[in-house]
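Each chain carries a letter (A, B, C and D) given by its place in the written order, and its residues are counted from 1.
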């Protein structure tokens, strides 16, 4: 059995078990879920250890350099003169995906731990949770566009219900907003996917194919197909390949999210229950970044090169705009949600630089943000669960009341604002270094973007420190008075058990970024090479 | 032989690493210790820094004026760039290593008494050790990325320590301000590092700025003048970390932290990191860039000194004096007095640390008085002090030594370093236009101002009568020098402030051993005359100033109660000078000081606050945009959808004949359309 | 009369030759008679016997349909004086009609409203069989006469079905509207047919000289005739502008009947439309006279928009499903636009219709289910029911997801195949209308989510204080809903299972 | 001589009158009559055109079928109208609009 397949479908299996179990056993569900995620984590660690690095295992556009590949026929439809529509179950990973898969597995364990707070309708929650888990891992492993799309869409529904059923006051609005936004992106992605499918032919069989890797090879395109690299077809008067790129980019950009496609995020995050916020911020945002790297850059490299300026611009705008918005929030969770926008802007900036440093930095930033946003949302959840309030101005001087909590908050805040020694620093610094390098190496970005991006670091410090000052320092005053004071107990051992590994991971990755870079590096180099800076 | 040498080098590296890592170990151990306050914590940290200091001495002895030792190891690979982590030991780094550990040691000892009773002392020592680790690491590492990392970590530990009493809102505001201002500098540094990397494809300090400096051998030019951004970035970083105009305002505020912290971090070591950075990347600067640095430094020095004149908060006076002295160092770098700048860095570290420790003791005792009589006073206000010299003689003597060193009178280390800078400043301005002359003369003026405010400080604190007793006779002053943990560090530092620590010749700065460790400036001609005139003029006038200040601050009050004959003898004379100068000089100078203070509060801080407000205003705008424009667009889309839906629905009135009519009408429309086209 | 005698043997032979090709329909006739007789013999208790017989025989007929494939090895067969045509695609349409009708027949008496009708359901079963017979003819018809006959047959049966619950006012009102609207449109269609006949001089679509004749007449006249003719087909398909009746009738009619009208009838009507369009599209140069591609594109786009956008504002479940079925018609028309290229379009539309019908029957069953158990008709009534009826609610979600076209459901593949087939045509022709069709399709998919999601929203996301008024209902309904939703998911995972 | 065009004109007129009737009359029976008129217009057309289709006689044949189907439709319609009348005590189609948006 292929380890990736196991990794993808283990949660589903456990989810089915939960569905089939009687509801009277509902208190065992959380343990079952935890078990599932732990098994998954174990598998992913095995995966990580067995993952071979080196240029011969770089992945990206060479199918035989992917690892843990499984490819079997799944759907084959006979469509007359168009030949057979062959859809494969094709999974495999390269350096970029392995980072995402391992990160996701870790985050899933923490999310499972965080979901112990869920009280109502446990069966539904945990089965949806595990379904979502399957979909997420599937997205990172799929190498067949169709399969990718299936997993991509499969994430929507569980999330809708997870936000909508277990969320906060405005959960309906948030859930539907999230769903509509994402579906909007993905429906058009479907159109482009079909266009690509009909443009690309598998050289071995002569049939059209959904194979992402073959979509990367310009030679596989039919000479007069829409997305042919040579034919220069137009769609509604615009170059077809550019349109395709933009559509795919928008679909992923909604996920990332970039300004101005981001407004679903604060709502969704604020309303979602803690474990779902964790998954949303920790993993789902990365699906966007991953998609941009794997699909937008992979399939439309020449558009990515010519459009890098705009990508970078959007990235910079996201960094600054997200940070400014975070500065203006008084809901702690909203603040963190906007900080995600800002942090993911670095990912986009790094990718747009099209330099190995920038893209590696972007991947690192995604991994790091995975851990740190998990931590941040978990921490918000802690205080929210105790007093059901998150307004920054309703708290003051928590530092003396909850010292352990404050310690973790400080670790998470400082790690997030890019304090050296933590992973976010490496990610942000190298995204920026990539952006600084870009003008002289490939001219993709101008210098001022890098400079503006750096200002984001400053703003990041501003909103995090301001929050620390307002909420945690100073003398203790709480809006809820004595009741709150009693309710606000310090972290319990489960919470520490969840947070500690994340803090350690963020620290370890900050000190030894090679844990990520060694796996990622060959793939990034291959990607940069492939994009055309040969 | 070769092997032997290498073995020695390896040992040196190991010792240096151990010296760096021991405080880290102490930090980890302290974090893991149970309880909030733990006696052991202080001693663990002190022990660690003691061993570090010993190891540093060894490392210093192996490296100073010998070959440089550089070892590195692959850290990680990103793209095709390999990042190395390593230790680079040359004269600069071992000097700093030694300096930092030697200063940190007495501060630690002092802290065991000063902070030992605080309920969070464990946390304090953990932070302190963490700072030592970051600072020691900052001076020895060899890669710009690592440099940036520790650069920011020292800022971070300073943040932690400033806000150590996190329940005080002033402290929390101060540490936020400190961190964010430092962040501004960090961005500059990061940008500079990135630009350097872009051009030279390496982060290695030795390769970039070492013996065969890449920055010298390869053209450092980028289109659009972006290499100036690199310079600007470094200048910004220096300004932020070393509290130079216009990013200096965080430092006075940072005095909200414990005084021991101010002594170590905000006087001696961390703030000097900016000067150290200049020393590290020195080859990258061009002539004009250096001149800009000199101007910044000179201006800062002058401005801070004028502000210090009128301050009443003991620590703030010292803080402004630190800014002023840092200005001297930056100016020295700017005029090319590389070695003198570092020399001044070293001497300043000792005497300023000493002064802060003294201040700490004084404040500590004042706090006692305040607590004992439940007074509503600021224990740091010099106006409430006075006459402490008799009660705490050792403290007084230490303060005196420190003060004299700060003024730069002969026989002290300060004389050696500061006069060196001034002399070289004159030499530098030789042959340049008159405007450049402003710098040495400004520096000279600053020196005299220094003399004035130092005298004022010492006089206010130690001479005369205890002011509180004058106000309220019930208050009895029973203060003392404190335990050995106070005395020992003071004695040690006092000794280090005297000339023998640096040069056997008390008069000629050029004989200082420290200066020989660094490259001499070749560009400046030695103008002998300055070597006599400048020190002489400077010191003589300084003495006058001191006396004058003494007269102003002591005799004003002392005249009705004549005590010492020599004061009384000169009283008439003094009165005359006072009468004239108070009109001509004192008033304008004080006004200038007030003006500068006002400028500082309203313009510079005002500007910062303005920026803050603009930032927040922008954030409000962004928030509004998000809620109204972007989401508004969404709502517009939604209402379009609903509008179309409503239009489609409007036919569905439930009347079947109307349905038929609509149907036929549409078909007719289609048909007409068909006819028309 | 004597003139005809020489031809009689030949004609009779033609008739007899056609009989093997007509076997399923003969079975249907027999079934119809058997049902009537059963009703007579067993009286009021005959309902369940009729139901079993009808379903059983329909399955047999479905098998017969499959058997017919053997007859088609030599290619498509015209029979009964070119009145009817048997083709692979007609077989698959017939199969679809039979299978779906069998499912619907099972469903009829599970609807409490319909089951409570005091005259019993036996008559309804025979009417349905008659309608199915008509639909068989519809998908095979290739002659204007047979087209008209079959359409009218289905129409009359449908009128009766809609108005079956005579004691119910709403149902009667729906029946009245339906019959008036239907009568008018069939009259218009007949007028169109008469014009076509006059212009072309023949009733035969295949082989005759209808089309060459039409080519020689004033294009405007032809366009008018075709437009009038399409009104009749449009009435069955409910595309814009002939869709106005749909919401009222679907809401007023019993749920199973609405299910029948919105699924099986539409399948048959699409079969008919394909038959009707084939000669026109393969006749070179006809597009200059009347551009069916353009016409269908415009109609498809407006239908998608009208149906889906109006559905967003509905509060009644049945009405919402009605509007959504309009939207789906528009989407299916998109597939029809390009079926000329080759098999892909037909495969796409077949799959799409099947996936749609399956899910839609499920949705109507759920409408019945919730109306039976919780008396839920409007959106507000569904609040919090998800926790009370978890299985049905989960099935509802799956079915709605399939209707929206999100993986992994059959509906997604339907959409996917339709999009790909349009894409293929677009790639070849670069006709901007096709692109607009696709974009509209994509946008309306998002819009459709907006209203479909309202049901899960109410089921799961909202709470209710209601504790009374819950009745128990037949479990068969729940089981078949579960089976349908499972089927929808299975087809979503392995769609090649269906497409032969 | 009455030619084809005369028939067509008459039938078109009939059709239009029928249309007018179904759109305007406030009585379901009258609407039904309108539908019948339209059907008859079509039938008239068919028969008229059938003259030129000697071999198949499609027109006449069609006309017969159409008449039968029209009768069937009318029967069903009348039954339904009767039902409606029982419930609503009116057969004005415009009065019966419980089903609407």
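The rule we apply is simple: contacts are C-beta pairs under 8 Å (C-beta built on N, C-alpha and C of every residue); 3 or more make two chains touch, one makes a residue touch a chain.
From a predicted model like this one, the values you see are computed outputs, not experimental measurements.
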item	value
Chain nearest the overall Cα centroid	A
Pair joined by the larger number of C-beta contacts - A-B, A-C	A-B
Distance from the mean Cα position of chain D to that of chain A, given in whole angstrom	65
For chain A paired with chain B, centre-to-centre distance based on mean C-alpha positions, whole Å	40
Inter-chain centre distance, chain A versus chain C - centres from mean C-alpha coordinates, in Å	43
Separation of mean Cα positions, chain D and chain C [Å, integer]	25
Touching two or more other chains - residues of chain D	22, 31, 93, 96, 98-101
For chain B, residues contacting two or more additional chains	649, 652, 654, 656-657, 660
Residues of chain A engaged with two or more neighbouring chains	none
Set of all touching chain pairs, with the criterion as stated earlier	A-B, A-C, B-C, B-D, C-D
Chain B partner contacts - residues on chain D that touch it in the complex	19, 22-24, 31, 93-94, 96-101
Residue numbers on chain A that touch chain C, as the complex places them	74-82, 85, 121, 124, 149-150, 153-154, 156-157, 160-161, 164-165, 171-172, 175-176, 179-180, 183-184, 187-188, 190-191, 194-195, 197-199, 224-226, 235-236
Contact set on chain C toward chain B in their complex	176-177, 180-181, 184-185, 220, 223-224, 227-228, 231, 240-242, 244-245, 247-248, 305-307, 309-313, 447, 450
Complex contacts: residues of chain B adjacent to chain A	75-81, 145, 148-150, 152-153, 156, 163, 166-169, 172-173, 176, 179-180, 183-184, 186-187, 190-191, 193-195, 197-199, 222, 224, 226, 229, 615-616, 618-623, 626, 630-631, 633-634
Residue numbers on chain B that touch chain C, as the complex places them	641-642, 644-646, 648-649, 651-652, 654, 656-657, 659-660, 662-663, 666-667, 670-671, 674-675
